[in-house]
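Below you'll find the structures, each written out as structure tokens.
Paired with chain B in one complex and with chain C in the other, chain A is shared by the two complexes that follow.
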Partner chain A sequence: MKLPSFFGSRRKRLKSRIVSRILSHFALIVATLFALFPIYFIFWTSILKIQLAAISLSSLIPNLALITLYNYNYVLSDPTFFTIYLKNSLIFGLSAAGVGLVLALFTGYALSRFTFPGRKPFIYFIIALMQFPGTMLVIPYFFMFKELNLINTYLGLIIPYSAGSIVFTGILVKNYIDSIPEDLEEAALVDGETKTGAFTKVIIPLIKPILGLGVLLAFIGPYTDFILARAFITGNSLQTLALRLYSVSSISSSGGAAIDYGVFSAFSFLMGIPILIIYLIFQKYIISGLTLGGVKG
Partner chain B sequence: MAHIEEKPFLFRLKREWPAYLYLLPMLVVLLLLTIYPISLTFYYSLTFNGPLPAPGIPPNTYVGLRNYNIIGTSDLPLTETLIMNSFFWATASIVIFIAVGLGLAAILNQPLRGKTVYRTLLLFPWAMPAFITILTWSNMLNFNFGIINAILGLFSIPPVQWTTGGFWAVWGGLLLMNTWLSFPYYMVVFLAAMQSIPKDLYESAEIDGASILYRFTHITVPYIGSTVGFVALMGWLFTFNNFYPIYLVTAGGPGNLTSIFVVRVFQEAFERSHYSLAATYTVIDFIIMLFVAIPAIKYTRLSEGWFK
Partner chain C sequence: MATVRLEHITKKFGETTAVDDISLTVNDGEFVVLLGPSGCGKTTTLRIVSGLEVQSEGHVYIGDRVVDNVEPKDRNVAMVFQSYALYPHLKIYDNIAFGLKARHVPRAEIIKKVNETAKMLQIHQLLDRKPAALSGGQRQRVALARALVRDPEVFLLDEPLSNLDAKLRAATRIEIKNLHLRLRKTMVYVTHDQVEAMTLADKIAVINQGKLLQFASPMEVFMKPAHRFVGDFVGYPSMNMLGGELEETAAGTFFFTPAIRMKASGAQAGKYILGIRPEDIVVSKSSSKGSLECTVRGLERTGSDNYLFLDYSEGGIVASVTGPDYSAGEKVYVTFDPANAHFFDAVTGAAVPLSASI
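So, the complex of A and B:
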């Protein structure tokens, strides 16, 4: 008596499971198309012979006959791409990531492993300071650095860039160290390590995931910064990729007839390569760092 | 570590003093590059430093609350617009991020073929630098040549004036772009939180015949509620002052339709050289941020992790 009804409900459940699976795939495919379309769009237009005015949906369909390297040639044939723009952006990005990360490492360790007097008010104070919109620091910086004659110099940009990410990465590192059991360091101390030794030999190897994420974030900020660069850089020799890309894109959107959209796309792609390299180097660490840093909160 | 906090001050100082050494570099940076500039901003808001020296006022003189008077009286409509726009921009963005992020995370949290492939591909927008992708979106939203209007044409929808049109067109375009920029992060964080929920909870609920919706509201939400709340708060605070999406696409226009504090401040300072007015708007913005952030952090358990 019971068997048929049980059998029926199971069949029904199987059916609803198939329906929900189809719906899930449908939603994921729509989301993936949405996520990938702009990226595909930059990539494809960067190797496309057609000018923006003539871009239609049909020209977005991959077609070998339309492929050209003209846009890349155009960007790369200008030696200043390497000698000015790329060089400066790399100098700013790498030095800021290096300095900022070392500072964040010390900060995160102190906040995670010590209960020094004043710790709690200090954290509150940092949280309050974090609410000051970072973008707007550019105004007082502008006058401060003018006073010090640091406008339009490497140092004048590297200093604020390094400081820019320190609070955020410091908290990331702190949250991550919190998740590491203290027994590990205690064991090292018992083995005769100093506290500094325990820090360098136990903690640093264990927090690589978050350092990977920290490097990427601390690099991308200055590497793609427009605000500070726009306000501080006046001469030709310090120009960065971001400033150049901005001017390429505004030429292309205001010109109307002379739109060189492919050049914009090719420039974007070339500019993205160093980030891609960092992302690939730290990929394993970045995904686990991202999820751990977020969930801890 | 709570037991150490109850010990006398001197005992803690003696034991924990190396922390100050580790913190020293950070303290110097904070003092010189955060605290001092913030104080300067407050000071600038009390001086006059604009493009046209007002009659009888030489530049850089102390003028008391004159700037606050200006933005509270003659500039009041603009100030109100900036406040409303910043709140709208942050709130609407976060509601969409949370909805899309939770939805996709819930879908990815079930046994499904190819879900790691989906997850990797969906993370792409986050991995691309925002500055580049925002400029790309700006071109894609172009009225005449933009590919988005071309796609709409495929469905016989007339072209939309994404950067020059009315309220829904312009905000709609900005929110669509902002969703693209941010949803991967929310999705990944929520997915990680969901994966920490014990599987047998779902299994027993399913055996009891609980629907998907019931399982979501009675198991998933209570488990990941604090993560969602924390991420939403941080995302809101970030979006409130997110400069690039609006500056690069609409620059606050048309008119002041999409003008928010950060964008206006940058324009006042570096396009109109009206530094003191920019500083005044910055102070107002900072006070709003503190009013939202401090109670939210103090009276909820959202950020306990920071104090552990």
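So, the complex of A and C:
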């Protein structure tokens, strides 16, 4: 190849790289705005003096004169926000995440490492299960749990919530363990570890990133669930944030029910904080997962 | 230190037999290489010694102990994996210390041993790093250190050099040899590289299709291959194999191929294969009595050795030559000393004690 044409093609390549970079940045920015807008909208509505109904496009522009903390004050001044709703949501979310994760860990490991009859069909069965909407289960669950006297109990919700997270997280864990060479476990076995030791000292540290993601997903589901909670919770003491979000922002007026979007937005925003905290706690595992390099030379 | 003894080891995976009735003894302090092509069962054999795989039949002894039902952790063996299998989440120090910690060695002793071993392998400046930050050669040393630090009875090495580049491989090969000479530990080493096998081993076990074909010193394996496969596999370029028949005639017993005829004795009449190494072939530009006329197909230059690819009436022959002055299409004449010829049974492939003369 002649030198000039080589440089020429390099310049051309550079140009096309810049163009593709501009295009991809543009697409990413649009996507980010698209994702961020609802959050901005909710936040702005939550601190807005006027009701959403009165909002015009221009009122989306930040304006100090329109800001109030009234909605937050309204939500937080009611102590039951913490003593009932937040407490219950955390109990459901954390216990479902905990129980679901431990079971998903064993499920995922078994599906990845053990060979047993019917393993493949079982995996497909689990994947097929994920395609069905959870709503489908509400009624059968209700009748089943009513027989077991589990309606309106913590256990009655923790069981279906945990079960729900095993399926998805189990597959996540399985796929992640598939990518870890068996050599590592075998090296630990020859090095003097038991099978359990190899699992806890080699596999678990290596799958922390996926466990972090699993905890997050297994928490968000129950924490934000409305449908199952609505069906299973009849008394006041077990009410969750998601249920309260509905009741707190409904205004009864002579004309029928309406929604107070200011309160709704403030409540939603506060409800998101625990999710953010859990994300921040497990974020470092997700990052540490990225620094795990290849093993081969 | 210990001997390793395999007694009639067979390993089946479903319908396939990976290891087929292998028996061999690795003496105390010996360096034994299991050599064979990929998929021949050599790694499975090594894994059976380690306990990571359990044999379908037969017994494994380490020292005087039957270890058939002993877990890998209790066999007191150390293994170096082809992939190195360093724990990616642990620093080099903790990688090396892993086995000692698992065995509840006191902390002070762990620190001392890890540092000593790391110094010996010149990786002490890497102890704070993670495996991902190391080069292939460095990782290889860490894998060796992790095995050495435990001071096990037996070292098992599974193609430890195959992920290194050629230069580093040669250097590390010498280092492993020196380590063995210094430590005099029982080592079992798996490779498909015959150069590694020849240079490292006290004894080579040549394995093909799960069967142990020859278990002998490197020189014996090279000079007296016990099986056609061994002759073919060990040595580069491969031994030339010429099919022929041993026939008794009025004038005596002769080994014939259509192009070659030589006196031979020591076996019954039948089909045999004559094996002759490229370096035992004499190439001349002029014909002589009994020489075989060949046409030069090509010359492969490697620097010190040149390999001449020849065609004759029945097929191809490779000869090792010193001079580079051959050109394609040229006629040359080939002879060899019958004493250098190897004979194998055409059916079983086993070596036969035929001796030939002109």
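Keep in mind that, in the parts below, the second predicted complex is superposed on the first by the 227 of 297 C-alpha atoms of A that agree within 3 Å, B and C clash if a C-alpha of one lies under 4 Å from a C-alpha of the other, contacts with A are read in each partner's own complex, and residues count from 1 in each chain.
The rule we apply is simple: a contact is a pair of C-beta atoms (placed from the backbone, for glycine too) under 8 Å apart; a residue touches a chain by one contact, two chains touch by 3 or more.
Computed from a prediction, not measured in an experiment: that's the story for all the values here.
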Partner chain(s) touched by A:L157 [first = chain B, second = chain C, both, neither]: neither
Contacts of A:L211 with chain B and chain C, given as first, second, both or neither: neither
Partner chain(s) touched by A:I47 [first = chain B, second = chain C, both, neither]: neither
Partner chain(s) touched by A:V75 [first = chain B, second = chain C, both, neither]: neither
Touched partner set for A:A27, first chain B, second chain C, both or neither: first
Touched partner set for A:E186, first chain B, second chain C, both or neither: second
Superposed model, chain A: greater residue contact from chain B or chain C: B
Where chain A meets both chain C and chain B, residue numbers: 291-292, 294-297
Complex interface listing, chain A residues touching chain B: 20-21, 24-25, 27-28, 31-32, 34-36, 38-39, 41-42, 52-53, 55-57, 60, 102-103, 106-107, 109-111, 113-117, 119-120, 122-123, 126-129, 131-144, 159-160, 162-163, 166-167, 170-171, 174-175, 178, 195, 220, 223-227, 230-231, 242, 245-246, 249, 252-253, 259, 261, 264-265, 268, 271-272, 275, 279, 287, 290-292, 294-297
Footprint of chain C on chain A - complex, ascending: 181, 183-184, 186-194, 197, 201-202, 205-206, 291-297
Residue ranges of chain B in contact with chain A within the complex: 1, 4-5, 9, 12-13, 16-20, 22-23, 25-26, 29-30, 33-38, 40-41, 44, 100, 103-104, 107-108, 110, 112, 115, 118, 121-125, 127-133, 135-140, 142, 144-145, 147, 150-151, 154, 180, 183-185, 188-189, 191-193, 196, 212, 227, 230-231, 234, 237, 241, 243-244, 248, 261-262, 265-266, 269-270, 275, 278-279, 282, 285-286, 289-290, 293-294, 297, 302-303, 305-308
Residues of chain C touching chain A in the complex: 50-52, 71-73, 75, 77-79, 81-89, 98-99, 102-103, 130-133, 135-137, 139-140, 146, 150, 156, 163-164
